[in-house]
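Letters A, B, C and D name the chains as they come in the text, with residue numbers starting at 1 for each one.
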Amino acid sequence: METNNTNSFEPKVVAFVCNWCTYAGADLTGTSRIKYATNVKIIRFPCTGRIDFMLLMKAFANGADGIIISGCHPNDCHYTSGNFHARRRWMIFRNLLDFIGVDVNRIVFSWVSAAEGAKWAEVVNESVDQFRQLGPATSYQKLIKNSEFQEVE
Amino acid sequence: MARIGVFICHCGENISATVDCEKVAKVASEFPGVTVSVDYKYMCSDPGQNMVKEAILEHNLTGVVVSACSPRMHEPTFRNACAEAGLNPFLCEMANIREHCSWVHEKSDATTDKAIDIVRTLVEKVKRNEALAPIYVPITKTAVVIGGGVAGIQASLDIADAGHKVVLVEREPSIGGHMSQLSETFPTLDCSQCILTPRMVDVARHPNITLYTYAEIESVDGSIGNFNVKIRLKSKSLDEKLCTGCGACIQKCPVKKIPSEFEQGLGKRTAIYVPFPQAVPNKPVIDRVNCTYYIKGKCKVCEIVCPTKAIRFDQEDSFVEVQAGALLLATGFDVLKTNFFPEYGYGKYEDVIDGLAFERLASASGPTKGEIRRPSDGEIPKKIVFIACAGSRDPAKGIEYCSKICCMYTAKHAMLYKHKVHEGTPYIFYMDIRATGKMYEEFVRRAIEEDEVKYIRGRVSQVYEKNGKLIVRGVDTLLMGQAVEIEADMVVLATAGIASPGSEELAQKLHVSYDKHKFFSEAHPKLKPVETNTAGIYLAGACQSTKDIPETVAAASGAAAKIAGLFSNDLLKRDPLIAVVKKCAPPLYSSCTGCFMCIPVCPYQAIDKEEIKDRSGNIIKTISHINPGLCQGCGTCVAFCKSKSIDILGYNHDQVCAEVEALLNEW
Amino acid sequence: MQKKIGYYPGCSLEGSSREYSESVVTLANAFDVELVQVPDWNCCGATAAHNLNSILSFSLPARILAKAQEAEMDTIVVPCAACYNRLTMVQHELKKNDTLRAEVNGIIGAELKCDIKILNIVQFIQMFVADFVASKQQFLFDKKVACYYGCLLVRPHDVLDFDRTEDPQSMDEVMKSLGANPIDWPFKTECCGAGMSVSRTDIVGRLSGRIVKEAADRGAEAIIVACPMCHSNLDMRRPALEKAMGEKLTIPVLYISQAIDMALGKSQKETGINRHFVPVNISLQNRVVVPEVVLEKTEEN
Amino acid sequence: MSAHIENNSLSAKLQHATEVKSAKCYQCGKCSAGCPVSNEMEYPPSVAMRLLQTEDPENDKKLLKSQTIWLCVSCEMCLSRCPMEIDIPKAMDFMRQKSLAEGLSHPKSKNIISFHKAFLDSIKFTGRLHEISLVADYKLRSWHLGQDVGMVPSMLSRGKLPILPEMIKGRKQVAEFFKKTKKT
């Protein structure tokens, strides 16, 4: 189980999850009483297909140290193909992120179904570990804030 | 000015044990725009809901945040309460501080802080919520039932009796499913065929039911109320309208040695065949893989003997499209059947068989006319060893779950054997006896006390053949692991029940979720056991998890009631959380540039083009348009629109951005 | 063209089971493979080490692997099933467990890469012998045989990933290709008593006795093995087995390499069968169709 | 994974050291049914697992003092057939080492232990196993002076017993291993 050690850096993590699979999976984590790090807070979307680049940048600009994007498994998307589009878009974002100096390791892409309560806890804990090692994301935040970040990509 | 009410629930102690609810309420009361913030033991109780309603009236609230369990649990409850107090239900949001907070963290300040952050996030969201009106769509009152086992049969009859149309799609040549293979059924030992066959006939005769056998679902689109289902009718090589089912073709077909699937390989069938004599419809199909004509280009004996000239060798698969308001999955289960257990010699020794094969041996209509004879030499076995949990509860070689039905059918098998072979001895190696239904424990006790079935607690390690006997090596764990070696004449494995093959593909076609064992997932394990997560698609029977007949039939009637309930309205009310193209004043009309990037990405073909015309009818601009009847609100188009001209109600830019900011800024 | 390949005989092949080593070398030579011993190899520790001292049980095999690595051997053949099992298990454990590897590296003073391909005798035969055996075979091994795999060749399956643990077939296949008729029997992977040979001969008598008797009862004319421990328990300990079973058991026990050597027409000396306790009185039939090339060679001999 | 183990039972120690979790065993008995020496054991493997599960100090002691742990020949039949994939052979290894360390090993198992020790000693001094010295050493330790002597002449005559041990160059290094690993 994660313990919030006071000395070590505790990253702020936002999770963008889809309503049908991962949100329900995270509900199951709760129903199963599986514990995970408090660092992660969830925002619900209809589908990972809804999540655009701007939102990721917005999160970094507001101080996120890491982002988890999680939805249904390939082929299991509640909306047929939303997650597939999300995945494809992510491939394009990666290069863009790299370009503006955001470490792509600060974004974790995962699939968690409604039946995978335990997996959600794993994803959270592993991601928090990963972000913890990367340290605070302040430099990117400054960069993003200063570069007069606009709501158009 | 926003006037938001925040209601923090303790959920008994489910939340308050790890989250300081009073503190959360207090901090929330200081959030900008929050007018009232209170905590209470059970928000969903009547007094809890009344609290919300009174606050709405008293403070003229513009939004409500209930901080409690998952919205998947109680969002409708609280939205209804708000509506009753005159607040548009879409101005109510739930902050999930139970499943996503109190249950997943230990009691600590960090946990309370997280709860506060979650509440703040939803407060910021709800401030930006808009009053929305539900959408109404018409309902096509036809149900497509997929799978014609006892579940599909029962549900079809119930829906049809309620006055609605049913299309029943079965992929085998006959309906009946596994139940038609069973001999007698626990716990009453009534003859399976005797109770099932009349219902099968009813299905065929019911004016409201259209039956397609030898048919499969090709594709499904649309959504609740209005699905469009394309069905592939596999070629039976036969004109069903002409065929009278006389059976002359079957008698004359020269290919007679094909192992019969229905008889679990213990009997044989011809190339043109009906699976079993009571089949519905009782009309044959040609199995093209084994038919001499399809292999070698000659024979056609069936065509020659057919009195009505019904045979069609050149018939191809055809398709029908059905409009349906609801779908029911009833595709049942299968038994694990590979030689996954080399140590038990399954697939290697003829006399090691599985439970379904034993059913055929015990069935009066089976290959031995109900006499228990071993497959290798037809002898009557003096000793039979039954091995329970053969593949179930076995993460290493089989599946980890308990198949639930095999304890009972194994007891039944041992009993049937004893009834037929009085001098025989049945042994059952078991780990636990799970007999939890009505009259089940009594049934097992009867097997042990009256029919002298020898139960031995222990798992068998190995079965091997020696001098015509099967040597079964096990232990008695109730005797400190003492070795038990039995020289048996036959071994019956209670193999695991698994999802029906093809379940995964079907689930993907229908967009319903399934678990890791490929069984379809119900929407809620307790409260929505016959619904799937996809609106308008229901499930019943062993396709959800292995079930016995009483449970299967109960689920089927339950699902039928749900569908009949859906069909009792002419219009379906739907949440309006869908996409809209933003409009603005002329001369721009909309920021949409008409790039139409959004059209191909929509999974529901919900986007088309709209022409904006001036008074004299000249087209000024073509922009995209979203059909509210088709849009499901996935938001894919939103992410694709470069000019941010599409928004999704309930998850619009303002709302989600405000959420991100609120979540992070005070962290 | 000579192929060179690493070779770890292990202690018993230098001692009580030297005929195994002799027959393996004979076999390799017949197929133009040169077996190069791992330089200055040590004992793998066998059962004793992991019974008594687990970290030692890693260090001893690790040194062998290090020696092979030093000599730039990418593949080593390990005919003894016990050694094969230990070496494979240890390489697997060390590969996946970084802390353990660091500790063991410290003890043996080397940096293990853990990427050596470790072949058991059957795998060696499959790779270097099976495809060519037909062209060199002089005698038909037209006997009923019982292939006995023992425990260590196939278990644990997760790590060794060689054949299946129940009713394995690889040795049966090899014997079939020589013209033998392998029987179907249930004790292919039952334990012979292994390391208890000296300390609890009574147990070995019972376990191995049952195995030998079962093979004999089913009409086998020879038991084919791939492990020196199995061999010594089934062959050298025969009196103990007979005592435990209360009957005379005359069926001979051959290493699979010896069986092939015999089919190739090798002498008793080359196969080492003269060293067995249970006499091997098996005479093989000349192959009916003998390719000309081989005929010439035999004449030269 | 909580770092502190308050639980001092053998089962907890076993899990800590080897990740073998006795709680996973559901007592099906398949291991005992396939174990070749189960009949000789006072606690067949499934019973041994049950004893561990009780976490009762008395039962822990029973196991460490048992012949069972020394009779196990590490054949892995139990593991390969256990539906829960419980690594009993590893558990047996662990219990043997514990039993020795705590001086609890069963008097009747002395033979087996002596043999293992003699085996390791042989390696310690030569780097390889020298079978004659092994047998000799074992006899000294176990006092089974007569046993097996009958086999020696026939083994010699078949060239199966080299008289002189093979000394490897690295034998000092190997002897070092024994020192370095002694702590365990």
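Going forward, contacts are C-beta pairs under 8 Å (C-beta built on N, C-alpha and C of every residue); 3 or more make two chains touch, one makes a residue touch a chain.
Since the model is a prediction, treat every value here as computed from it, not as a measurement.
Does B-D or C-D have more contacting C-beta pairs?
Of the two interfaces, B-D and C-D, more C-beta pairs touch across C-D.
With chain centres taken as the means of their Cα atoms, state the distance from subunit B to subunit C in Å.
52
Counting only Cα atoms for the centres, state how far subunit C is from subunit D in Å.
Taking the average C-alpha coordinate of subunit C and of subunit D, the gap between them is 23 Å.
Residues of subunit C that contact two or more other chains, please.
Only 165-166 qualify.
At least two partner chains per residue is the criterion; list those residues in subunit D.
none
Please set out, as single numbers or ranges, the residues of subunit A touching at least two other chains.
Within subunit A, the residues that touch at least two other chains are 1.
Write out all the pairs of touching chains, ordered by chain label.
Those chain pairs which touch are A-B, B-C, B-D, C-D.
For a test of understanding, state which residues of subunit B touch subunit A in their complex under the given definition.
Interface residues on subunit B, with respect to subunit A: 70-73, 96, 98-100, 103-106, 108, 110-111, 113-114, 117-118, 121, 507-508, 511, 513-516, 521, 533-534, 577, 601, 603-604, 632-636, 638-640, 642, 644, 648, 650-651, 653, 656-657, 659-661, 663-665, 667.
Where on subunit B is subunit D touching in the complex?
Listed in rising order, the residues of subunit B that touch subunit D are 343, 389, 393-398, 431, 457-462, 473-477, 480-481, 483-484.
In the complex, go through subunit C and note every residue touching subunit D.
11-12, 14-19, 40-43, 45-56, 59-60, 63, 67, 107-109, 151, 154-157, 165-166, 189-191, 193-196, 198-201, 203, 207, 236, 274-277
Okay, in this complex, where on subunit A does subunit B touch?
Counting only subunit A, the residues touching subunit B are 1, 4, 12, 14, 20-21, 23-24, 26-31, 33-36, 38, 41-47, 49-52, 55, 58-59, 62-64, 72, 75-82, 85-86, 89, 113-115, 121, 151-153.
Using the touch definition up top, name the residues of subunit C that touch subunit B in the complex.
Of all residues in subunit C, those touching subunit B are 164-167, 185-186.
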